[in-house]
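Beneath this line is the structure, given in structure tokens, with notes to follow.
Note that the chains are named A, B, C, D, E, F, G and H in the order they appear, and that numbering of residues resets to 1 at the start of each chain.
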């Protein structure tokens, strides 16, 4: 057995889905991450790394690190990626608290990787409702809104009732006790009284951005 | 064994706690409910019945029923109770949706039994935020606010951030799927980002009213 | 207390969100449903009723029933609603098994109420993968795909990897034992290995359709 | 992106709710904590830090640390705070076991920050009931009682049946196995057979103190 | 296949364990219950039936019913059983609320079937602590105490700290919401701060009585 | 606030219950443990320490350590304790696997502290049933049997069907995946098909020994 | 929409997997069941119905019923099925209690439908271990053993340690309280200390039989 | 007490079940692992070590390490084991993602220990379905298929519908949030819509291989 047989890249994904394959680094050994990057480089492909820690970054050889644009807060890296001019922001990324930034930035970085700018509006949770209300018109101008919230997960419900945009909720693990590592925010978003809010896995900023990319793709079909 | 030995009334409770013993009729047989009422009547006591269904009401002998003021929506009854002039409403009972009425009314009826009027404000859930905002000043004028909400349980968080009153949240079983019979609203209220919101058991309008009674009692001590 | 104070319609919702307020009939008493319809009628509004059972239908007065277009399988009804010519189907509603039809139809009916036709493709679960594969191209031609699946909830993962459309998963309560009333399908959809699949509450065909309506609305903004 | 945009202070909270905004340091990076303190200082505001560890304390620059009154047991710190003469103790903070001290002290410190003394009565759990009974009269003299208990969470039930005060229960994570990190104590408090006990999140001494502050505020309104 | 092959009596159990095999009627069809009784009768054996409902009782042929001593409250029946003079009560069966009677009586009836009287003390829950305290000495005179409690399950903790007897806790399904069908009382008893309290399954009065029988048997060995 | 007020010893427990107060060191700070030992020493009392780690042992001053009989496997220590001649073993401590030894020894050490020897029979889990069967007669000669088992928790069920002794089951956290940290073994013991098996909290060898001490005490009353 | 479009038969399954498509009748309406049978009949196919109740049977037209071999205990029916001579029993179906018969028979009936006899050995649970031991040699003579058990789910662990056969465990919903509708037996089987026991969904006798059919098919390949 | 009494080897297991006893090193102390190896060596036995970490390996004396064939990825070691010529691969080990390799290799190594080669096919999860489809014929040529998958656990359902082999699913802890440490993949496999898929504990590659060994043994009996 060798590490090469453990990896089977889905390079075709970008063509098939409009989303480049991402490498979820959690649960992978340094040897496996290295092997994946080697295969990608050999094929001339770029990739987005998620849940990529400083330790994993440091464990890579210097020449690999040189090909990475690494953001430590969101634990994302662009590998072998040529920057392009970004499309204007059609997606707003809104978060409830300062602690939710890491997830919100994972979403923003995923959009950036795929060529889209985004508008970030942080720390506007419902406990101080005025913070949200003073920016709700600005938010509503974005056709797609990613809402990131932990604890009671109330922000997506409130925002979903204020704006007609496509609302994608990302519950986060922020909180303690009955926040239950994000399970409460997740259940709260799913049981939301605001109609048509959709939901991603806990802390899954990457997935929310991919959902936004799918909607952007759908919009092309719809306007065709 | 006979049913008489199954009951031991805590008549002293009204003196000790300022709250008359209530009879939780759920889980009790008609024979047990009858026995409790008989003992109460023999001692000249009144009582509040909760979770008291139409079937249980119908199963009682007519002379017992004659001593009951029964409200079918809240499933409460006042037994052997002399109406008194109510104190003005110092408690607002606010609910998120029409389906939460039964619980909100259980709270209002418990307050009424103990001699307090209350202000009821129903169907002001956060999905249509304007409904809440247009009444938030009125709510804030009440020193105590009972907030009743199911589904995502977001209303107590939002209201707790708007008013300085003592806020008592009552999660309800309203909703389906991830509402999980009220568990999500409960967890959401407990993990609320609004500071100082306290919480009662699911559907426990009675308990919320008792908590309000304790606060009203505390206020006397505090102003002394 | 009377039933009138228990209801506060969010008529403004259609303007604000592009989605007409729906009446979730579960947890509501016949008196409450009747009151809501009366207020709607007085204002000249239409509405969509969901989780509306045959018993609740039968309990309404005949003149109310005359204003209802009731579909027993999906437990939906259009109240006081004037049919319009439907927009061509831009949404595919795909379901895994025959038992998931009730939920899939709730989605299709919600779209229809708001003026959109949809393409329904039923009973194409992954245990007989050929059924899905022979229709995957047809599905991919729809910019938006609602996927309805119970039991293991595997269909959204597989379909999400096959088509670039916006994919909205609706887990259902179909199954027994570890299907856990839809919780397993829900968790499975959320943990999906296919990127960008978003998820609604268990059995929430209505919510999935509303999410599709939000995307259709967003597409207008995006193509502007 | 920079850390400044991640923070949006709710300075208005003290005026709106009578409770100064607290900084929950758990889930925040040292950079974020530093940014928040910098913004507070710039505005001339004080703040209460909770879940603030020795490591986080040590990571701050010396001039910031000089403005902190740090209590390591309760993991709280007063930032930029001028001590005031405390109001006499109207709140008793009662705890079941020695291990619950950290939570009980978080409550007492929060009250102190807002200008209120409190009476602390520790290690009076129900397994040695005489310890509680010999102090129950003293406890009853306080209009508000915060009860902190882990494991079986039985103390709030027993105390709630003994005193007429407003009783705020704080379940703690003390215990192992079926104590389930505080979930059992929490459920036990919520299902309490003593009427009118309200409950906060697990280990949330801060929230219990805020609830007490709300009641103290309500008492002013009630006696007005 | 016939019903006869579905049954394999463990007649030897009385000799092996000192406990006669009981027939748990829940989950069994009338045909299966009938077959078991027929086999028992053919062998000249007696048996204790538990979870035996009025419907199941009515479904039996009259000659079978004639051999049954049926108690509807505890849902127990003695089949083909010759009454014996009972040993004096060495076991106290204590319950928290009136609703717990059915379980407490299942324990008392199981002891009676095996020849032991018991002392029953009902409705002494901790919300009115004086009820327990005025009888705690009487309880302590019993070497074995079965404590039956639902809701918060606090009674076994309190009693376990008051008496040196062998304490067997039986959590019950009494309560609603976070009582979670007895799970909270169960967890609370297991996490009890009182040392040496042992616990049975929810509503398992039968099992508690069997545990008492084992202790009575052990006592013989210990005094030998 | 000082650490002295955090501790309130229940010295009377030994007289009241026949069980000396134990110090559960988990969740306690070194300062708290030190304070407790100091108070005990000042009063001339001995104590049993449980969940006492090597780190906590090392953190104590040398003169305190000199008064400790510390067993690292069971994480127990006897403090200020004079050894006595042990009573002969009336309790068998039986465990399913080698990994369960730490819990089994906690039980044996607790018995030893209170003056009772015990018979230990380890690693006789049901996967190799012959190991249990060849020792079942020896086990049955003990009036009390403590059974320690993790994973599927099947040993108490099997043993409970083989011996008439008082059987106290202690589920352990041994196992992974669906063993769920002992929850599965716990549920399995509680749902046991063998009648009269009682159960303690997960990993609670101390509690099982206390239950045995209660039974030994009860036996004295029963033989009187 | 009509019911015809809701059904898409996987007729190819018998060829592809060696298992004929079964109709899980739970969650299906009478109209849907009727439609499926009609389509099957039109194609000349047979089918196995599972979870098929007496009510559903009665709701079918008489000519459909005439084509059904219906077994009420196992809730199975053979539709349009020609009996064949059965292969000798290579599978033993072993169950723990009388209440588990319905599930055990579902397995046996599924094997019979596919042409295989089986040996049924019922009511040999571990509480009376002699019942199992006296038949363990007979069981071991079957290459495949299906073990059906509820409550503590201990039987598969014990049997898995006694016989070298392929052991397929089916947990059942038998039991109450912590049996948790089969979840405890399921978790117990999965965490079994006996190596190589595999597990099916709760009450899934059908699935266990299908697994046996796959093994019988594999054996052909292995002996080739 | 000494460590020798904590171990009771089930050497007979190889004869009884055809599976050599394995040493699950998780939860065992270095002293216990050392004692087990010493006893094995003294008896001339070999063994398979699972969940054996690099730290545990390093803690052994050099002469013990010399007798170990240690594979760090699968955390398995062969102790005192003489390599034999392997039987040709009749088992395919298929995994969904690179992160599942450690579990898949545990299965392959267990087969190797018992003398069987296997075919490993990694990283063929359903999000890129073409990867699976292009190898499904190769997989179907193996009478036994072990399928290893985390996250949504969809691969066993899809594969179970494609091949007639005996399919043994091993859910893994790969994933985050609602993957819930493997619980979702486990539930998904158990609720699979593909008939006859059996399931092992989370991450239990060892158990899946043992199940395959049982099937290989059964096949001998079936072809006899």
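The working rule: contacts are C-beta pairs under 8 Å (C-beta built on N, C-alpha and C of every residue); 3 or more make two chains touch, one makes a residue touch a chain.
Computed from a predicted structure; not experimentally measured.
Colleague: Can you tell me the C-alpha superposition angle of subunit E onto subunit G, nearest 5°?
Modeller: Best-fit rotation on C-alpha atoms: 90 degrees.
Colleague: Over half of the interface residue numbers used by both subunit C and subunit H, so same, or under half, so different?
Modeller: Looking at both copies, the contact residues mostly coincide.
Colleague: Can you give the whole-Å distance between the Cα centres of subunit E and subunit F?
Modeller: 27
Colleague: Between subunit D and subunit G, what distance separates the C-alpha centroids? Give it in angstrom.
Modeller: That pair's centroid distance is 56 Å.
Colleague: When the C-alpha atoms of subunit F and subunit G are each averaged to a single point, how far apart are the two points in Å?
Modeller: The mean C-alpha positions of subunit F and subunit G differ by 43 Å.
Colleague: Could you check subunit C for residues that touch two or more other chains and list them?
Modeller: Within subunit C, residues 127-128, 161-162, 173, 175, 177-179, 186, 190-191, 195, 201-202 contact more than one other chain.
Colleague: Touching pairs of chains, all of them, please.
Modeller: Applying the touch rule to all chain pairs gives A-B, A-C, A-D, A-H, B-C, B-D, B-E, C-G, C-H, D-E, D-F, E-F, E-G, F-G, F-H, G-H.
Colleague: Mind pulling up the subunit G residues that touch subunit E in the complex?
Modeller: It comes out as residues 73, 98-99, 101, 105, 108, 120, 122-124, 127-128, 130-131, 150, 173-179.
Colleague: Can you list the residues on subunit D that touch subunit A in the complex?
Modeller: Against subunit A, the touching part of subunit D is residues 1, 5-8, 10, 12-13, 24, 26-29, 32, 36, 51, 173, 182, 186, 201-204.
Colleague: Enumerate the contact residues on subunit H facing subunit C in the complex.
Modeller: Going by the criterion above, the answer is residues 96-97, 125-129, 151-154, 157-158, 160-162, 175, 177-180, 183-195.
Colleague: Going by the contact rule set out above, which residues of subunit B touch subunit D in the complex?
Modeller: 16-19, 22, 90, 143-144, 161-168, 186, 190-191, 195-202, 206-219, 221-223
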